[in-house]
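As structure tokens, here come the structures.
Each of the next two complexes has chain A plus one other chain: chain B in the first, chain C in the second.
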Partner chain A sequence: MNDTADVVVIGGGIVGCATAYNLARLGAGKVVLLERDYLASGATGRCGAGMRMQWGTETNCLLSRESTRMLEQLPELLDVDIDIELKQGGYLLLAYTEKMAAQFKKNLQLQNSLGIPSRWVTPAEAKEIVPHLNTAGLLGATFCAKDGHCNPFKATAAYAKAAERHGVEIRTNSEVTGIEAECCRITGVKTRWGTISTPRVVVAAGGYSKQLGRMVGVELPIYPERHEILVTEPVEPMQDSMVMSFHHNLYCQQSPHGSFIMGIGHPDEPESFNTESSWQFLGEMARRLIEILPPLAGLNVVRQWAGLYDMSPDRQPILGPAGDVEGFHVAAGFSGHGFMIAPITGQIVAEKLLGLKTALPVELLDAGRFARGDLFVEPSVV
Partner chain B sequence: MRIANHPILEFPQRETVKFVFDGKEVTGLAGEPIAAALHAAGVRSLHHSSRFHRPRGLFCAIGNCSSCLMTVDGVPNVRICVEPLRAGMQVETQEGKGKLV
Partner chain C sequence: MSEQLEDDIIICRCEDIKLSEIRQSIADGNLSTEEIKRSCRCGMGPCQGRTCMPLVAQELAKATGKPLAEISLPTFRQPVAAISLGALAGGERHE
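Showing the complex of A and B:
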């Protein structure tokens, strides 16, 4: 079978789908997207469904600002009839220590200078935003009303549908078993269904990206890290805003459907591909949560699961060509905030691959920054 | 309606208790599922579907299906098919998804 493509995108999460859509839209030719399981079966579909612009590095602020603008009108932008369940109820980031408050105020300056409408709120104002918040020990918080919720499955489906309309061929159940290169350039991608001849490949495989890089001798500084999460029964709307505490290492929001989605980060979580749920998580999650949001103790848990963050050394993504192999491109290393910055990411990766001017100046996101030592670590990650 | 005599099952003697359903006093047997007491009292519509608000009756009867969720003593989303009846309970038909606070 003569199977060829101009670009093969590996990974059917929202980043892969958005990249494939933009490639096709910008005239990359025949684009094939390969997904091991089903669309949004990895980190995208397991994430906390939040989107925020309150970040601590300029790159993350810009990426999230542009992506929020796009998410606000995504069905129109993509011309698809899919409700992505956007709810801009804000994000409340709680500060419990002087050091944290100082960092938050520094972040606010950066955010405001980039046009992000975040602000400092006192504990009393925070309680107005989230009436059931326990403000004991709280020094203050930052709030951005334009942050909020979006359904990862539906947003991915919207990109996939738009991509297919632009001629992208999406192949699910197609795990990549090898990437072929000859004399420092990409020549093909292998799956169990056969080999696709292609001069270019985009790796958007989240925590599995390092393994794919190694198939052609490119070493990506991305490692997988399990994060656990749960969802409760739905109740009537009572919490508009996401509540996030780096002190408790926790986030919790109520989805438009009424259920609460929440997760915690674990500093001792080892690098692994483990996506099993643990019994320890349930108790620890509940204990930390009811400290700051006491009435939620009355909610029943419906389901818990886990997913992989694709961590990079500075908690910012790696976008564009990587390594010495011509035609090898990466969109990974999102470190837990890939979903919310996917719209602009997909566009930038496609623009970079096609040699076009990128929508944002993202020189800082190239793979070479680690060798150069240009690191500025994102401080605001759970 | 209650089955008093059954060829295989035996029904233990239970105390008759009063509880409140949607503001009206109803009687049932202590320890039986709330749903059983309501069924005996002629209540067939227990909940409504979330999108089209169609009435829902007793369905799985083992606490799995969410067809019988009610607010009991102020707690929303109680599965009345598996919640034992106690004297003086305040049982209310739940509008929507239930209010936590």
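Showing the complex of A and C:
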């Protein structure tokens, strides 16, 4: 069979789908998306579904600001009839130490300078936003009312549908087992179904991206790290805002469906592809959560799971060409916040690949920054 | 039973999902129990799909012409029974 493409996108998470859509829309020709399992089966379908613009680096602020604008009108932008369950109830980021408060205030200056409507709130004001918040020890918080939640499966489905309408061929159940190159340029992509001849690939394989790079000798500084999460039974709406505490290393949000989604970060989590759930997580999550949101002790947990963060050294993604193999592009290294920035990411990656002017200045996002030592590490991550 | 009546059958009692919604999900291209679960929340409630997922598997077998034995059920997620955060936090807060 003569199987050819102008670009092959590897990975059917939100980033792969958004990239494929933009490539086709911007005239990349025949675009094929290959997904090992089914769409959103990786981190996208396992994520906390949160979206915020309160970041500590200019890059993350801009990526999230632009993406929020797009998510606010995604069905219209993509011209699809899918409700992505967007809810903008805000994000409350809690500060417990002077150092943290100082960092937050610095972040606020940056955010406000970029038009992000975040503000400082006192413990009393925080309690107005989240009445069941225990404010003991709290110095204050930052709040952005435009932050919130949207459904990752629906958002991915919306991009996939729009992509297909623009002619993208989406092939699920198609694991990439090899990437072929000749004289330093990409020539094809292998799956068990055969080889697709193509001069370009975009690796959007989340925590597996390093593996894919190695298939052509490109070493990406991205590694997988397990993060655990749980969901409770649905209850009446009682918490509009996400509550996030870097001190407790946790986040907790009530979804529009009524269930509470929450997770914690682990400073000692080793690099691995492990996505097993642990009992330790349940106990630790519950103890830390009840400390700051005591009334939630009565909620029943119905399910827990885990997914991979694709960590990069500065906790910001790598977008665009990488290594010295011509035609090899990457959209990975999202470090736990790739869902919320996927809309603009997909656009930038496509623009870069096609040699178009990018929507945002992206010098800060290229793979070369690590070698140049241009590192400014995002401070605000759970 | 008429098609109409059949469509109204509740498949997932926890999330209140009707047979028609399962059929729609399959028609939308969701051809595994995992995908159907994620597309419409079927099986995501407190019972974790004990009742509905075998029914969904039957629908999938019908729609795809595959033998039922080849339709796999979704990954089973802990905890086995719903348990309160208070109980998980340990001891005294248990209600």
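Note that in this section the second predicted complex is superposed on the first by the 382 of 382 C-alpha atoms of A that agree within 3 Å, B and C clash if a C-alpha of one lies under 4 Å from a C-alpha of the other, contacts with A are read in each partner's own complex, and residues count from 1 in each chain.
Basically, a contact is a pair of C-beta atoms (placed from the backbone, for glycine too) under 8 Å apart; a residue touches a chain by one contact, two chains touch by 3 or more.
All values derive from a computational prediction rather than experimental measurement.
Applying the stated contact rule after C-alpha superposition, one finds that A:G258 touches chain B and leaves chain C untouched.
Once the two complexes are laid over each other on the shared chain, residue contacts for A:H132 go to chain B alone; chain C is not touched. In the superposed model, A:W305 lies in contact with chain C only, and not with chain B. Note on chain A: of its two partners chain C and chain B, the one contacting more of its residues is C.
Residue contacts after overlaying the shared chain place A:P199 against neither chain B nor chain C. In the superposed model, A:L296 lies in contact with both chain B and chain C.
Residue contacts after overlaying the shared chain place A:M238 against chain B, while chain C stays out of touching range.
In the superposition on chain A, contact is made by A:G45 with chain C only, not with chain B. Overlap of the chain B and chain C interfaces on chain A: residues 233, 296, 298-300. Per the touch definition, chain B reaches chain A in the complex via residues 75-77, 96-101. Those residues of chain A lying in contact with chain B across their complex are 131-132, 233-236, 238, 258, 295-296, 298-300. Across the interface of their complex, chain C is touched by residues 38-41, 45, 153, 157, 231-233, 257, 277, 279, 282-283, 285-287, 289-290, 296-305 of chain A.
On the side of chain C, the complex with chain A involves touching residues 32, 34-35, 38-39, 41, 44-46, 48, 77-79, 82-86, 88-90, 93, 95.
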